[in-house]
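These notes concern the structure reproduced below.
A, B, C and D are the chain letters, set down in written order, and residue numbers restart from 1 in every chain.
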Amino acid sequence: MKKQATVITGTVGMDAHVIGTKILSRALKDAGFNVVELGIQVSPEEFTEVAKKTKADAILMTSLYGMAELDLRGFKEKCKQAGLEDLILYIGGVLGVGRQDFKEVEKRFKKLGFERVYPPEANLESVIEDLWNDLRAKGKT
Amino acid sequence: MKKQATVITGTVGMDAHVIGTKILSRALKDAGFNVVELGIQVSPEEFTEVAKKTKADAILMTSLYGMAELDLRGFKEKCKQAGLEDLILYIGGVLGVGRQDFKEVEKRFKKLGFERVYPPEANLESVIEDLWNDLRAKGKT
Amino acid sequence: MEIRVKQKRIDEERFLEMRKEVLAQWPTGKEVDLEEAVAYQLSLPESKNFMKVTEKARQEGETLIWPRAGTPVLEDEIALVKTLVDAGIRHIPVTIDSYTRLLQFEKAQQALEESIKTGRPMLNGYPIVNHGVKKTRKVVESVEAAFVPRGAGRLAMEIALASGMTAAGKSSLFEFGSYEKKTTLEECFEHSQYTDRLAGYYTERGAIISTDIHGLVPSGVFPFSVNIACIIIDSLVAAEQGVKSIMPQTHCLGHMAQDIAWMRLIPRLMREYLEKFGYKDVVVPGILANQIPLFPVPQGMGGAFAYLNYTAMVAALAEAEAVFVRTIDEGAGVATRESHALSYESANWILNVVRTQKIKCEIDGVETEEKVTDVEVRAILDKVLELGDGDVVIGSIKGVEAGVIDSPFSPNINIKDKVLGVKDVTGACRYLEFGNLPIPDEIKEFHREKIAERERAEGRKLDYQVAVEDLWALSKGRIVGAPSAS
Amino acid sequence: MEIRVKQKRIDEERFLEMRKEVLAQWPTGKEVDLEEAVAYQLSLPESKNFMKVTEKARQEGETLIWPRAGTPVLEDEIALVKTLVDAGIRHIPVTIDSYTRLLQFEKAQQALEESIKTGRPMLNGYPIVNHGVKKTRKVVESVEAAFVPRGAGRLAMEIALASGMTAAGKSSLFEFGSYEKKTTLEECFEHSQYTDRLAGYYTERGAIISTDIHGLVPSGVFPFSVNIACIIIDSLVAAEQGVKSIMPQTHCLGHMAQDIAWMRLIPRLMREYLEKFGYKDVVVPGILANQIPLFPVPQGMGGAFAYLNYTAMVAALAEAEAVFVRTIDEGAGVATRESHALSYESANWILNVVRTQKIKCEIDGVETEEKVTDVEVRAILDKVLELGDGDVVIGSIKGVEAGVIDSPFSPNINIKDKVLGVKDVTGACRYLEFGNLPIPDEIKEFHREKIAERERAEGRKLDYQVAVEDLWALSKGRIVGAPSAS
């Protein structure tokens, strides 16, 4: 049997849009993950602290309200400082204010340290597929 | 008192869209023109013949069905042959098949001998204004 | 004047004689082999039969979208119908270009060749005669949907039916009132008796060909009673020639109560008159709601979508079997494939969402509109039958001469054009000028009161100018015209 | 646990004390001079007063569009509201950015400055506190329309009202259920008693400030009875603080009969309860229909227009005074000015065309839905009042703890989340899990039957998965969800 991976979910910053992260969390649970569900308005610090404490394998962060970029300034460094180089980082939602070129958005968030970036039409089955692959690649399962 | 100008209206070729030319004709009458209303499906030859016979000052041709360009091949020459160099030629309607760049359309029909070319949103008051100006410029009123 | 044509079935021998002449009009006529064509029709699946597709929609409580599909080049036409079917379309009306409609096959051929050469469509539709049977079967076979030719003359209809199209939208009064300039109604009856007989011929052999019937003139702001009378006349004419499936088209002129009333009234009256004249086995598979009023530019994208979605909404609330919505390109020209897809995606959203709810609604005024129109239609038909001494064909011909059948804004010089319509305060169409229409006095009074009401509300007389303003209303986001309109 | 807050008007002295604290939260607080602000309000024309604009719409039989308008940079905000007013808008809700909503004025300031510098809006709304009174008056004075701040906290409300905005859309239960994570309902009541009292203060001096009330959670597929109970609770709370004009917001969840039933029920029940508790001079100027279900991507342009047109249509048929339609950009992010203009042009087409017709229609099912919801709402309110011993504030706090007020998909950890809704075969919202909601048994039975009917039709059990499918339905052009949904 493969090891049960631990993943963290929640919306970052001041974002109150809870539906997406709730549905995502449930889908992850149904897929067999150990999900630490932080809900809305999780600060970057809280994400990293909980990641350390729970020895999480991945964070699946949500943001819809458009201000994630502001919320996540310097996030990559914080992760490094916390010794979380190995943590898999995903983010999904509406990642800017107004219509955006998704390629641009993706680039911006990859720079912030996210391995994968998803638009709101992301299909959760393939998200979970991606996650399995990335976990496997990092020898985490 | 200025001379009453004679103008010819009608749709060219096989076009059956009568509403526009009817409304235009009525507006011209109301504005004091002597209107020779030919109705739909007038051939280029009929237009020039009637113009000669009635000593018309202008033709206001309509086409909506998209095939005016085909119908009007060689029209300029026909007018010249008929000695109608002085006749004022306007055309209005949907002058091509499908969405068109109006500037392109205008160019095409100007080449065919039309002095002015109008899109379907043409305002009839300003059309009549233009007509007065052109008539005056050619010393026809 | 002697009237040659009558309400009488063309006899077989004469029909087969006539066919020879018709098929000789253009080389592709030779491709039509009637018996082979019947067999081909019988081999087609139900999903390609117009009547069956319509009846299925009725049973399943769906409203189907009628697009408009006609572009000259064969490959483009195939690509277009595929786009449509991908967008959920199951009825495909094929617009035939204007040259073909008027039998100018030579000109159509040149323009077709030029379209192929330049890559720019030079024709406003699909030149079915020039393409012929073999090529048109490729179109029909390329998708799962029922095909209906639009504006097919006799040869065009021969080719359409031999190619597997299963409806024959051609009606005398519509041709006469909307497309022709000098042609008489008598000539139009002759033409459509032929095409109806052809449909009847297939039908008798088991290949049911429907016909859809449109009225007289889509003249916009004008009460629909003349058109309904014409729909009924043309149904009787078709039925006499052996047509067994007739689909009426109504016009959605924008006023919900009126539009819905007409959708209810038309099939009811059609069935009644067909029955009365002994055509007891004719099916009326459904009603097609047609978005008629102008969609002129300037029509911003927002207004264009609203307008077509509104029409879809009205059709859905009326539980119409089909709706002919315009595309967002309607005011600009023949639609691009993208505009088709986008427009029907939008209309289908409305249709699906509304029909799934199985909404039953009673709108105030529907009953009154239905009653008023019912009286008007009967009055016109009574007069027509009286003029024809019981023969609906002869009566119609005389009726047009007498202005008993009349319309504003027709291109045909044989139509009196002594009538006019305007809107009332709520946007319903009312008669402003009755001409010689045999409308009963109490109904005339009803219209006059509605007109007076608007005159009071706006403090002005309603006249021709107002009729023109009203014509533009919907395209400007209003249901009642306003003075600023051009 | 001791409950500090009660249904009782804050006394003047304490209120003025509290105001000092609030105004000290950010330097722009100093710009608020209450007496000068009242005078400024009294100097504004009626066209800027929310209640008067709404009542005018009611009298003239119009449905006004609520847009959403909030962008960080002052000049952009002014350009935006001008675009809106040019598109026929007369109510302007100003979205306040999320930092400001959560009192992070420092962060908002940085982001505002950065937005100015980069030309890219970094905030999802208008940071009203940072802009302050003088600048915000420029916005209010730039057009003829009534302004409503969205999501204003105490200081934001002070600035909004002093700047000439004339409504105070802030309600305890909505803040609690939709925007907050750990904040208790008690704290939310304290906050909105303050803002309501502020509105009352202006009102007593002749400057009528309205408040609009939203419910608990816009959670999509969930019967509306809990939200209606919350709307009534929040109205009572506002009325106690001296608010004299209260506008309820209903959610258009897509099912016409339900949406219309709720629009009818809410003002009626509100008036009844306000009356019952002695708030006899409170006006309910109209109802705002809010297009709530998700508008997620992928939403093609066709579907986007259809969706907003449909909402406009339902609001128009229900004769709502106002409708909050989404723009075609809803799924993509904060709308561009062009999207605003296009979307409202489209919705206005529908609203004008439908309202001019003065359509009265009876839709089957409206009566049943109204009755069912009426019973549910009364049951919830009875229980709340019982728990509070007649005090609606205390009762609500206890009600949330007891799950008598509950909702799925709330971000607030203090909400039980033991309930769930799904759709029935026609797309109406039904309770799948009742949690501790005090719904009477015969009504529970009604929901269960509807659920069973869909289970039979689809041959599967309805569960959480189906609830998620239903959540996506409208954005995929359906009213009932389908398995393929992601």
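We adopt the following convention: contacts are C-beta pairs under 8 Å (C-beta built on N, C-alpha and C of every residue); 3 or more make two chains touch, one makes a residue touch a chain.
These numbers come from a predicted model, not from an experiment.
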(message) By the touch criterion stated at the start, how many steps lie between chain A and chain C on the shortest route?
(response) 2
(message) Nearest whole angstrom, what separates the Cα centre of chain A from the Cα centre of chain B?
(response) 66
(request) Determine the centre-to-centre distance between chain B and chain D, using the mean Cα coordinates as centres, and give it in whole Å. (result) 57
(message) Counting only Cα atoms for the centres, state how far chain A is from chain D in Å.
(response) 30
(message) Please output the residue numbers of chain B that touch at least 2 other chains, ranges allowed.
(response) none
(message) Give the residues of chain D touching no fewer than two other chains, as numbers and ranges.
(response) none
(message) By the document's touch definition, which label belongs to this structure's chain graph: line, ring, star, complete, or other?
(response) line
(request) Chain pairs that touch, all of them, please. (result) A-D, B-C, C-D
(message) Going by the contact rule set out above, which residues of chain B touch chain C in the complex?
(response) 13-19, 22-23, 26, 39-41, 65-67, 69-70, 94, 96-100, 119-125
(request) Could you pull out which chain C residues touch chain B in their complex? (result) 97-99, 101-102, 104, 107, 111, 120-124, 178-181, 219-220, 294, 296-298, 329, 331-336, 409-411, 413, 464, 468, 471, 486
(message) For a test of understanding, state which residues of chain C touch chain D in their complex under the given definition.
(response) 254-257, 300-303, 305-307, 309-310, 312-313, 341-350, 352-354, 356-365, 426-427, 474, 477-480
